[in-house]
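Some structures to go through are shown next.
Look at the two complexes coming up: subunit A is in both, with subunit B in one and subunit C in the other.
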Partner chain A sequence: MSDTTQEPMLAADGRPLKQSLARALRRQKLRALMLIAPLLIFVMVTFIIPILSMLFRSVENEIVSNTLPHTVVALQEWDSSTGEAPDENVFRHLYFDLFKASEAKEHTKLGTRLNYERTGLSSVFRTTGRRLDDMGSDFQDPLEDINENFKEGAFWYEMLSGEGGEELLESRRALWARLTGESMAGDIGFTPSPQMADMLPWATRAYTDFAIWTVIDDQDVVAEEDPWEAVYAGLAQDLQSEQTQTEIAAYDGPGAQALKDAVANLDQLPEVNFKAAFIDAKEDWGTTDLWSTMQVFSSNYTTGYFLNAVDLELTPEGVQAKPENQQIYMQLFMRTLWMALVITGACILLGYPVAWLLANLPMRTANTLMILVLLPFWTSLLVRTSAWKVLLQQQGVINDILVWLGFVGDANRLILMNNATGTIIAMTHILLPFMILPLYSVMKTIPPSYLRAAKSLGATNWTAFWRVYFPQSVPGIGAGSILVFILAIGYYITPEIVGGTSGIFISNRIAYHISSSLNWGLAAALGTILLVVVLVLYWAYDKIVGIDNVKLGG
Partner chain B sequence: MKLVTKLMTPLAAATAIAALSGAAVADDHMSSDMTIVSWGGAYQDSQIKAYADPYLEMNDGVSITWDESSAEAVAKMRAMNEAGNVTWDLVDVTAASAMRLCDEGLAMEVDHDEILAAAPDGTSASDDFGDLIVSDCFIPQIVYSTTVGYRTDLVPEGTPEPSNICDLFDLATYPGKRSLEKRPINTMEWALLCDGVAKEDVYDVLATEEGQEQALAKLDTIRDEVIWWSAGADTPQLLADGEVFMGSTYNGRLFSAIVEQDQPIGMLWDAQVFDLDGWVIPADLPEERLARVKDFVKFATDTQRLADQAKYISYGPARESSAPLVGKHAELGIEMAPHMPTDPNNAQNTFLYNYEFWADYRDDIDAKFQAWLAQ
Partner chain C sequence: MSVLNPSIKRPNLFKFTVPMVAAFGAIFGFITGNIYHQPLIGLFAGVIVGALLAMGLDRLAALPRWQKIWGTSAAFAVVGAIFGGVGGIVGGAVVGLSMGWFTTWIGSGRYRAGVPSYYTPGQVLWHNSFLFICAFVFFFLIAPLLPVAWLSFNAEDFFTFTPEMLSFKAEGYSLKHYYDFLGSDEWMVPLKNSLIIAPIATLISVSLGTLAAIGLSQSHVPGRQAIMAVLISPMIVPLIISATGMFFFYAPLGNWLQANLGLNQAFVGYVKVILAHAVLGIPFVIITVTATLVGFDRSLTRAAANMGADPVTTFFRIQMPLILPGVISGGLFAFITSFDEVVVVLFVGSARQQTLPWQMFTGLREQISPTILAAATILVTVSILLLTTVELLRRRSERLRGMSPG
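Coming up: the complex of A and B.
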């Protein structure tokens, strides 16, 4: 006998049985997987991926570095505690970054983003955006007076194009792609000359940016278009450098004469001072507040939205509590949890006797009752909530009856809606079927003979119920409570309609940030927190009661 | 987008050749259906009757799909743009939303004189609309105002009916519940006006922390009596039910409650907040669809059509040249002009809404306002 166990058992085709079995099982598993594949893919595409991408928004903050790539780098060296705005170098980068952004209409998005963190920044970016052209024309006009060639698009093209500047071109293209979110790929019929990139770095860079945008987005020919104001500003900036001036003196390529004229007449150009120009456009640029906000939020990922969602804020001095009159979210989270608990409790109290009746009455009566439970369940949520409005309002049915019966005076009608009471009443009614149905399905399986047996052994009605019947119905309570609680925590329509201000939930704020304030990052952070809270509660429930004790159906 | 335009070029060439071979296909370069987004209700009906139906009669084979999503238009357009699939062709939004869409590059900038019809006397469109063109993307249609209505039968005996916006805050003379919009816009301005701030200083004061506190403190005096609304239909309903004595809403809603439904309701024309509503065209529409939309907008915003719209709803036409053409209500036969927010008698003391201010301060003041509400 021991010999046979040593040798591997063989299947009919001569292979080892183990292998053969494993292969058959694998094939079976694969077939099973293929069966559920449509569902799996469907759930992934329509559920998991959107949720993940929404959650990703709660930390994503690439817009700052995508819109102002050079400024953000230059700003790193600035120390906000000096009490002074950054130096000219930062402003210079800001001008060229912002010029591009305003051409692509991206600068207002950045303003909106930063406005979430610091009020008023939105208008700073918008106002400044309108002034950028003027800042460049201040240099364009005198340059064109000095040498008429500067007016010609073709002249600039000839002067700045050359061989071997692919590296610069591609790096500029990559920045455009980050800014616009499009690939910006394609032949633009222009490569910057490396020699000019050395001699006139700012102008060449600005011209390359202009060329990419002109061809890829506007679909024009570079050489035929007049360059942006930023290119003139770039040239004016370049001409300030003594090294550039000596290089121009020795230069004899295309445009040499015009450049030499420009150097000779440098005194006709206004002073190059971007810092002064920006502060003139909007004085906020001279304050440290604006810059420190930008510095704090310059990284690609931020905890800012999450901090906002728990009434904190990120400042240069670290994480701080928000001013008291702006703290709302923690209070809303607490209220949401508390009211969901109250609603769950009310559902248990009201649902338990109904479910007991359903389970114990004769079939015919039970069915009629069941229809009464299901009928509202099938009615539109909006209709039911609006019906509650009619019932609960001060001139509504309930108050009218109470006044008619003399329980309350006409002048002291009860305030039953536009507050937490209204939300609790309406939501308890709406969620009641979710409690009754699982309870009913559990109670149906408890044999009535158990109760009779308990009584025949001398138990009172109460003991028989409490010691025998109730413990067996707990799985139904668990299932109903989980359903009601989790549904309640994310409720939105009912609190919105009958909740007034003291009866609204956190989801009403999420909806507000999604559809009105468009602060999707904050909405995503609030949503993530809500999701985590539900998961934690679920986990706690599993630890305390045990999820195996939950029965959703017979 | 790029791909579409590249594909369009050979397509356009093909159409041109087709056009050469037969003259009857002049409309081939326009798509035959449009999705228009509006507010639903009486307002959308007025648009359908005043210009959509006449346009469809003139253009056989064209169809219009209406989408009642204007209230969430900005959020939805942003989502569509991110998904790269803009299904809307023309969107009706308030001026503030239009500015936002324009800033974000979601709406198309238009040359008003090029795409809109001139007035019958030859005045260019941009002069005819005048200041109402508050954004390069915005094509104005109507002027509306947010004002206050009250129950005439609940006015205490011996007291005159309310005539001043500050009666809203006067619980001693006019006891009873109020309904106000559940957002700071308009409400904060009225609170400051009634707390002694001069009309021209309101936004300067509101920009300061103390000013915001001041407005909230004024609102504190009535907060126990306020029901906060979020849908335009709420206040007329609350007034009709007798749930509130006074409440703010849009003048067109009050008009239909008072004149069409004959409710015991009166309305104030004092410090009502002027606002605008109009069209925006989503950015980067394919050529064919854009051509159709332009054709429709040119028709729908001409002088006669805007005047026609006033037959169905009491909002003022945005064109100056339309005002003299405003006639009688289509069903009731009453003169509409005295019910327009633009009528000189009604516009004696109006309050101009500051778009720029709210664009910048909305998040900040809203956070304070909501925290105040939640206290």
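Coming up: the complex of A and C.
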């Protein structure tokens, strides 16, 4: 073309037209995005992030390492195949970790968590938690007999505090924060002495933990409070070490006399054996089962919840099927899908004729009849569900009428509620408008002349319908079915009220785990699986109808 | 279709009308007889009554149809009164109404009115059965709501009909459940909560949603499909999943708001529920408003700009009035979504934010009182009003677009 060789066309302001247009387009795009941005951010924050947080919950498993940080590390070296419980070192860490956790009342949460994987662990943690103080008192009483000073909170404070121990303090604070989920920030009024942390590592650590908890949670002053039993146990543990003993001999700081007394009278202290103490508190600590469960679930992320959600479990030997009597979720998923299918089928059967009638009646009549479809659609879900409860219960309207008419004996009234029948009937009624509306909007576009043409060419009524009309209405069936199916598999209210035990859906189980059993991880995993199913269906819906074509209210 | 074709012949009385009506009467007879444990006697009585009625009404062919129907109904009501008092009158009237309607429908040949005259009897039968099936589905859609309204006037604290109600005695009925509803904090506080939460949530979703819908309807939007998918997702994701996600996320969010902004617990509770409901309502606003914008003539805004109006003026003076019906019906959907929502509020809210559906849900689960039914009846009335509004808006917008209904 001759244009290509010419000067570029200019806009009014002297810029090349192409550039000017591109700039206008860019501004238009930007303006559109600016208009969308507030809502997009709003939806992201209030909806998308919550959904993502649910996905995260379904694999998150930080509670074990948050509650027992040192134990988990020590336990890594243990080999479960030896058939013996871990050595004293693991138990020693367990004692101090667990003591902290029980002060913060977090150990029962860990017990509950591990109980999901192995029944009985909850009580192990609860029982042991009550014995932790006694285990420490065994050392506290003889120590206080050896030197009166060990009774004084102020003495401990003076002995263990010093300068330059900020690093230790902050690392302990971080562990507290992980355990409690709070920041634990604030001035403690205590800094552990690095020298003591070297000489009496266990006691100093335990005392630092005590100090942080006393100040931040109990709002007390460290120096005025008597230390935890765990601090005495820590001291007893430290005194066992020969290196500590030599260092104490050379030590002349605060509390030197008391420490020297303690070393001199070491034989008055009971033997330090945490393993024996734990097994004494609860025999399960001596078994490999408990420890291997703990080892398997000590990582920060786990597939355990997902495996549970599909009736599998993670054992030290790998992934295995759960015992048959505990397999409920696959069955529940299958039942949910099956009932959603039945409901969708019933909606097609009932909705198709009505949509056909509405699409083929004169506009005015159709609009009037459409009100009969829209009224239930607009009526509160709770109202419709309560209506079905009124109708279906054993002393309900349907049974009353049948008994009054003499078709059913008073003694054997039909059981229509608290089972799958009730859920299917009520949900078919509730979801029927969602089938009729898309069907109607598709059928409205099928010209009636096609049917007449087919008939004039000699087709019977049935052939004309089946070969000409029906294929054209299939997109409507598809749209309606997917809509009804998606809505049905996520339903909660109606199955909860009319479903009893045999008519409930997976969503009721999710709600149960959220509000009653408090197994949130499993609830999140079940929710995630359901979400994936729905998203696949949604994608199919988009392919068949396109989201832009969703219409509401006729 | 409803126009009666004058060329339709009246069917033969003894070959067609009498047997048909007799068969119809037999059904009623069988059912009525069954009440008194004499189904066979009832059956025969029904056949005879039906046959006599068919012949009788055939003699009165000159009378208008409605007189025949109501006459039959009155006659049956009198018979019913002999057997069962007030309940019998109502039952008899209903049976008489259907018998009279059926007899005149068959007898005058109206049953062929909707079909071409060349249809075979089989086709006519199919056509009418089809209509009956549709009538049954409409019945199935609407009928469950009726006992609720009826039972809400129960004088007893039952979820079931009492004998007094069935025999229409005045002492069987009362407004006490409505007084319970209006007079107790147990219901008024949830109603108040619903009326706080739903409008604010609607306002948020409508204002943000309308803006975004206008943005989305521009001709060049990068990533339109993806944005649309995100904005519609609250409607697609099952409520139980949304509720679970919000449960995990909103609790720490609420704690953070309380700790860092010093807001009190009740206020934060409302904020959480309102935000959750607002986001659930957004897809409805987006869908209805974008649908309205499809028919919006863009040259109008250009004309306004051409005459010197700035974008804000153009929006409020030109665009907004035209898309208002879409905005309002989107808002109504959002309002209903919030007003009717129970799963999310159960998970996110605390007892302070108990809404009306929540109260109904707990009531239904524990089966406390028929006050629920009074509440339900009031809600049905409200939804009829809303439906009327939407229908009127729809007709208005169709009229504006030049597509008159009917």
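The criterion applied here is as follows: the second predicted complex is superposed on the first by the 477 of 554 C-alpha atoms of A that agree within 3 Å, B and C clash if a C-alpha of one lies under 4 Å from a C-alpha of the other, contacts with A are read in each partner's own complex, and residues count from 1 in each chain.
Everything below uses one rule, namely that a residue touches a chain if its C-beta (ideal position, glycine included) is under 8 Å from a C-beta of that chain, and two chains touch if they have at least 3 such contacts.
None of the values given here were measured: they were computed from a predicted structure.
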Touch test for A:120: subunit B only (first), subunit C only (second), both, or neither? first
Between subunit B and subunit C, more residues of subunit A are touched by C
Under the stated touch criterion, which partner chain does A:496 make contact with: subunit B (first), subunit C (second), both, or neither? both
Mind working out whether A:69 is in touch with subunit B, subunit C, both or neither, as first, second, both or neither? neither
Does the superposition put A:365 against subunit B (first), subunit C (second), both, or neither? second
Applying the touch criterion given at the start, work out whether A:325 contacts subunit B, subunit C, both or neither, answering first, second, both or neither. first
Scan A:109 for contacts with subunit B and subunit C and give back first, second, both or neither. first
Return first, second, both or neither, reflecting whether A:316 touches subunit B, subunit C, both chains, or no partner chain. neither
Check the residue A:201 against both partner chains and state whether it touches subunit B (first), subunit C (second), both, or neither. neither
Applying the document's definition of touch, where does A:393 land relative to subunit B and subunit C: first, second, both, or neither? both
Per the definitions at the top, what is the overlap between the subunit A residues touching subunit B and those touching subunit C? 393, 395-396, 496, 514-515
Subunit C to subunit A touching residues, read off their complex: 1-2, 31, 34-37, 39, 123, 126, 130-131, 133-134, 137-138, 140-142, 144-145, 147-148, 151, 159-161, 204, 208-209, 211-212, 214-216, 218-222, 227-234, 236-250, 275-276, 278-279, 282, 284, 287-288, 290-291, 329, 333, 336, 339-340, 342-343, 346-347, 357, 360-361, 364-365, 372-373, 376, 379-380, 383-384, 386-387, 390-391, 394, 405-406
Mind pulling up the subunit B residues that touch subunit A in the complex? 2, 5, 71-72, 74-75, 78, 100, 103-105, 177, 182, 227-228, 230, 241-243, 356, 359-364, 366-368, 370-374
Once bound in the complex, which stretches of subunit A touch subunit C? 25, 28-29, 31-36, 38-40, 42-44, 46-54, 57, 350-351, 353-354, 357, 361-365, 367, 369, 371-376, 378-391, 393, 395-397, 400, 404-407, 429, 432-433, 461, 486-487, 489-493, 496-497, 507, 510-511, 514-515, 520, 523-524, 527, 530-531, 534-535, 538, 542, 547-548, 550-554
Interface residues, subunit A side, partner subunit B - complex: 104-106, 108-109, 112, 115-116, 119-120, 122-123, 126, 182, 219, 325-328, 331-332, 393-396, 418, 496, 500-502, 509, 514-519
